[in-house]
Amino acid sequence: MISLANPTRFLELAARAIPWLAVAALLLIGIGLYLAFFVAPPDYQQGETVRIMFVHVPSAWLAMFGYVLIAIAALGTLIWRHPLADVAAKAAAPIGATFCFVALVTGSLWGKPMWGTYWVWDARLTSMLVLFLLYLGLIALWQAIEEPGRAGRAAAILALVGVVNIPIIKFSVDWWNTLHQPASIIRPGGPSIDPSMLAPLFVMAVGFTLLFVLLHLIAMRAEILRRRVRAMQQRQIEHAALVEA
Amino acid sequence: MQQTFGLAAHKLGCQRGGRTIFRDLSFELAPGQALLVSGPNGAGKTSLLRQIAGLLPLAAGELHLEGASPDHALPELCHYVGHLNAVKPSLSVGENLQFWSTFLGGAGADVRNALAAFGLAPLADLHAGLLSAGQKRRLALSRLVAAPRPIWLLDEPQTSLDAASLELLDAAIGAHLASGGIAVVASHTPLKSKFAHKLALGKERVR
Amino acid sequence: MQQTFGLAAHKLGCQRGGRTIFRDLSFELAPGQALLVSGPNGAGKTSLLRQIAGLLPLAAGELHLEGASPDHALPELCHYVGHLNAVKPSLSVGENLQFWSTFLGGAGADVRNALAAFGLAPLADLHAGLLSAGQKRRLALSRLVAAPRPIWLLDEPQTSLDAASLELLDAAIGAHLASGGIAVVASHTPLKSKFAHKLALGKERVR
Amino acid sequence: MREALALLARDLKLAWREGGAIGVALGFYLVVIAITPLGLGPDLNLLARIAPGMLWVALLLAALLSAGRLFENDYEDGSLDVLTTGALPLAAVAAVKCLAHWLTTGVPLALLAPVLGLLLNLPLEAMPWLVLSMLAGTPAVSFVAGIGASLTLGLRRSGLLLALLVLPLYVPVLIFGVAAASAAITGPASPWPPFLMLCALSLAAIVLAPIAAAAALRTALR
Amino acid sequence: MREALALLARDLKLAWREGGAIGVALGFYLVVIAITPLGLGPDLNLLARIAPGMLWVALLLAALLSAGRLFENDYEDGSLDVLTTGALPLAAVAAVKCLAHWLTTGVPLALLAPVLGLLLNLPLEAMPWLVLSMLAGTPAVSFVAGIGASLTLGLRRSGLLLALLVLPLYVPVLIFGVAAASAAITGPASPWPPFLMLCALSLAAIVLAPIAAAAALRTALR
């Protein structure tokens, strides 16, 4: 914790980790795609289109994962005042939003063949859409506030309010509509999908997760450097002022 | 004035937006003493007052109240009159002050005297939105009298006051100090009231 | 300074919200002369300046420009610096002034000097939202230099300026008058610049 | 306590004086409901069917947009600075202001709803439940709006930003509110479960929102 | 001319800087469209049927609410006083500000509409006409909003009051806009007549609104 609290230290670690992560992520995703397209059989009812799932499901998971990450970081900002927490949260938001978007797009592309329409107001799709909206809200707030300190704290508060609400929202939306097939991977009974699909799905899931972490580290590094530049400029301004005063 | 306090600041530091505005600032005020904070624009006068009022976190050092029981929170003993007047245009002058008096824990009775203290009595029923700049300022200052509090934090109180009102302000501050109160005043232009301590901020800072 | 004008007011009257603020107000300013408007709070200083700037209708009397061709509209020859600073917090100091300079018909070149004229040059790239009260005020005043106009209307220009900035303000006004400009300044506190005329408003008014 | 009452009284008075905020919120509500049929076409059955939904969505918008300046005015004229120096904790201040907003917006909107329901020929027997559900749900609306308002304090365009931040959080209120109202129309489901859910939501909001709002206000003031 | 361009540039810059106003308006639009089905129920045919109306109403709200502070900020910080002393006539100032509003709000909203159309499964062939009609109609929206914004200048809760004043004026835009879009879906009527009506409305607004706005601004300033 202490060692990580120091951004410089963090930068070093990140710099060392990034190449490895990159290689691992690309490798896994490559394998995953290979399995998905050439090994996994077409689904007996969903046909070839089922292959979309291998992108769709992991992105959907990571979209949720991203928000949880932000919420934890928010605690870090508000309670432990951890210098990196704010950076972590800010960096995670756009990435999570992107995965969320990918889940939505792949999902609706999938929907066209399955349901004959790009979008249905099914429970899970809807709650995913709401999650996307929550992401947009966070990003908009970060954009709207000039001062990094305030922006971080405000966004943290919003993120926490968001996580408190997400279960309620999910519940209400399910209550509103229970047409979509129930979650069949994450559920007490264990997976019910054909293993031949499960294997590539998990490879992809792990690959995407690594990709997420990779992007997150890169974004965090960028953010830290951006703030340092900002601080330096301010110091220059002050210095100039002192000289002329 | 009910109870009197002393206020001491020890090695205060202030940061805004990552920039250090001032550091290692210390002073001690005994009951009945006043502090004049001066310094070029941007030196951090407002920031200091906001720190004492609990609006801005202390980047370093501490503030403490002498003669205060732990259940006394510093901000609740302070009157903060900043650059802004906290005047509601759609309430009458009297209503404005009445509210602040109750909210800041004054007895309703004080309101009339408070208005009188700054020569606003004749305007009591006027919509505050119609007041001129200086009249608004005086309305803000009358809070000080409407709810007795031991510590006054005044940020350029003279802004757009005419000569007559300056007299009134000096009188008010004098009375406050006489009754054992404390005042911290940020100002560029001199005031008649005598200040036990003077603090010149940011000689070297951005002008 | 391109062309110089004289400004004359004849029996001006001002009403606000049905109340007569002042009446029968007359003055004459030759090029290079300045008028100091003083008076208690609520006497109508701001109102008078707004009338000259064309923001408030004349209830009575008239204003006219000497040496002006009919196509000169009075407001377009005036700089109005009121109680408010017209500063955009989300633009940088430089961008703020740059805009006003272009909009008020100044040559872009003037901007740097204008900032320098009020000691803001080092802050040019800072977000104006971060400026302190006095720094904001100085940014507003720098408009005067950024776009040359023959008539300056200044409403309590000294508000929250430090000593050093006051010097700069006096210098700016002096230069303006020297080059044949006119200035009408409403103020409670004295200024160094010499005023050819003084106008004391509303001795008898509600204070 | 005196402080809280004084603040409440002041806010109600201001809401009343400043451009008849109440009337304006109602007007907005009315106009939105009135122009929607123009967009959707005059088919009465269709309108009746979507009436509860329309009414709730319009109510959310009206309440939300009037919440935009919940703290804004006090922030801009410096009152908020002084409010923090009162004996009343900041969270309580926030709560009182949200309460005032509910009284001046939520309640009138809820009471107006049936009238607009007529425009959308909502069956009469649905009205009581519509109003009840709205009265039960609007506290959540006002208090959650309070969080948004404090987060967007002092930012330009805060109105829309506020809506963007807060509307997603309203999804449960919307769903249960509409459910309660339409259950009363169509049945067979009883309107009670969603109604109770609404009450629960409001209670939770009343307890938790002020804390979040206070935290946000502090960060806005420094 | 230089003045007008400078002002336009400044307003665009501000719209961009101040809380990414554009993104926020879009977000609001998205949210409103996204939560309505939660109120109306998931029936796709129903949604498809009311899609053009929904999209137009939501667009009007988004545009209108973002117009709330069209002159407000300049008024509160004293910029408006100085703007009147410029060589540019006040009507031209108003026109430029409305234009900036259209560029930063009307256009992006119109371009986003088809995407949201998907959510309400609006048939693809209707999209081009939807966008066209919106591009033709939104200038009227922005300029009329300008009148409202100037009339409500300096009043509290101006956002809602503005909506109350202006939404009725939008009725024609709404009707022709929806007509154009849905004619493209259902036929048989050609979408041209309503489309041309929209253009006419916008032209009229562009010519007349700034004059009215300027007059209102003058009275607000005294």
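We call the chains A, B, C, D and E, going by the order they appear; numbering starts again at 1 in every chain.
Here is the rule we use: contacts are C-beta pairs under 8 Å (C-beta built on N, C-alpha and C of every residue); 3 or more make two chains touch, one makes a residue touch a chain.
Model, not experiment: these values are computed from the prediction.
Under the contact definition stated at the top, the chains bordering both chain C and chain D are A, B, E. Fewest steps needed to get from chain A to chain E, stepping only to touching chains, is 1.
By C-beta pair count, the most extensively touching chains are D-E.
Interface residue usage between chain B and chain C, two copies of one sequence, is largely shared: over half of the residue numbers at the contact are used by both copies. Comparing the CA-atom centres of all chains against that of chain C, the greatest distance is found for A.
For the pair chain B and chain C, the distance between mean C-alpha positions equals 30 Å.
Taking the mean of the C-alpha atoms as each chain's centre, chain B and chain D sit 37 Å apart. Distance between chain centres (mean CA atoms), chain B to chain E: 46 Å. Work out the mean CA point of chain A and of chain B, and you get 48 Å between them. For chain D, the set of residues that touch two or more other chains comprises 14, 18, 73, 76, 155-157, 161, 164, 167-168, 171, 175, 222. Shown for chain B are the residues that touch two or more other chains, namely 17, 83, 90, 206-207. In chain A, 130, 133, 136-137, 140, 144, 149, 173, 176, 241, 245 are the positions where the chain touches two or more neighbouring chains simultaneously. Interface note: chains touch in the pairs A-B, A-C, A-D, A-E, B-C, B-D, C-E, D-E. Here chain C touches chain B in the complex through residues 16-17, 39-42, 46, 83, 119, 122-123, 130-135, 137-138, 156, 159-165, 188-189, 206-207, going by the rule given at the top. Contacts from chain D toward chain A in the complex involve residues 147, 151-152, 155-157, 161, 164-165, 167-169, 171-172, 175-176, 179, 197, 201, 208, 212, 215-216, 219-220, 222. On chain E, the positions that touch chain A within their shared complex are 18-20, 23-24, 27, 30-31, 34, 37-38, 42, 44, 47, 118-119, 121.
Per the touch definition, chain A reaches chain E in the complex via residues 108, 117-122, 126, 129-130, 133, 136-137, 140, 143-144, 173, 176-177, 179. Every residue of chain A that touches chain D in the complex is listed here, in rising order: 78, 130, 133-134, 136-137, 140-141, 144-145, 149-150, 153-154, 157-158, 160-162, 164-165, 168-169, 171-173, 175-176.
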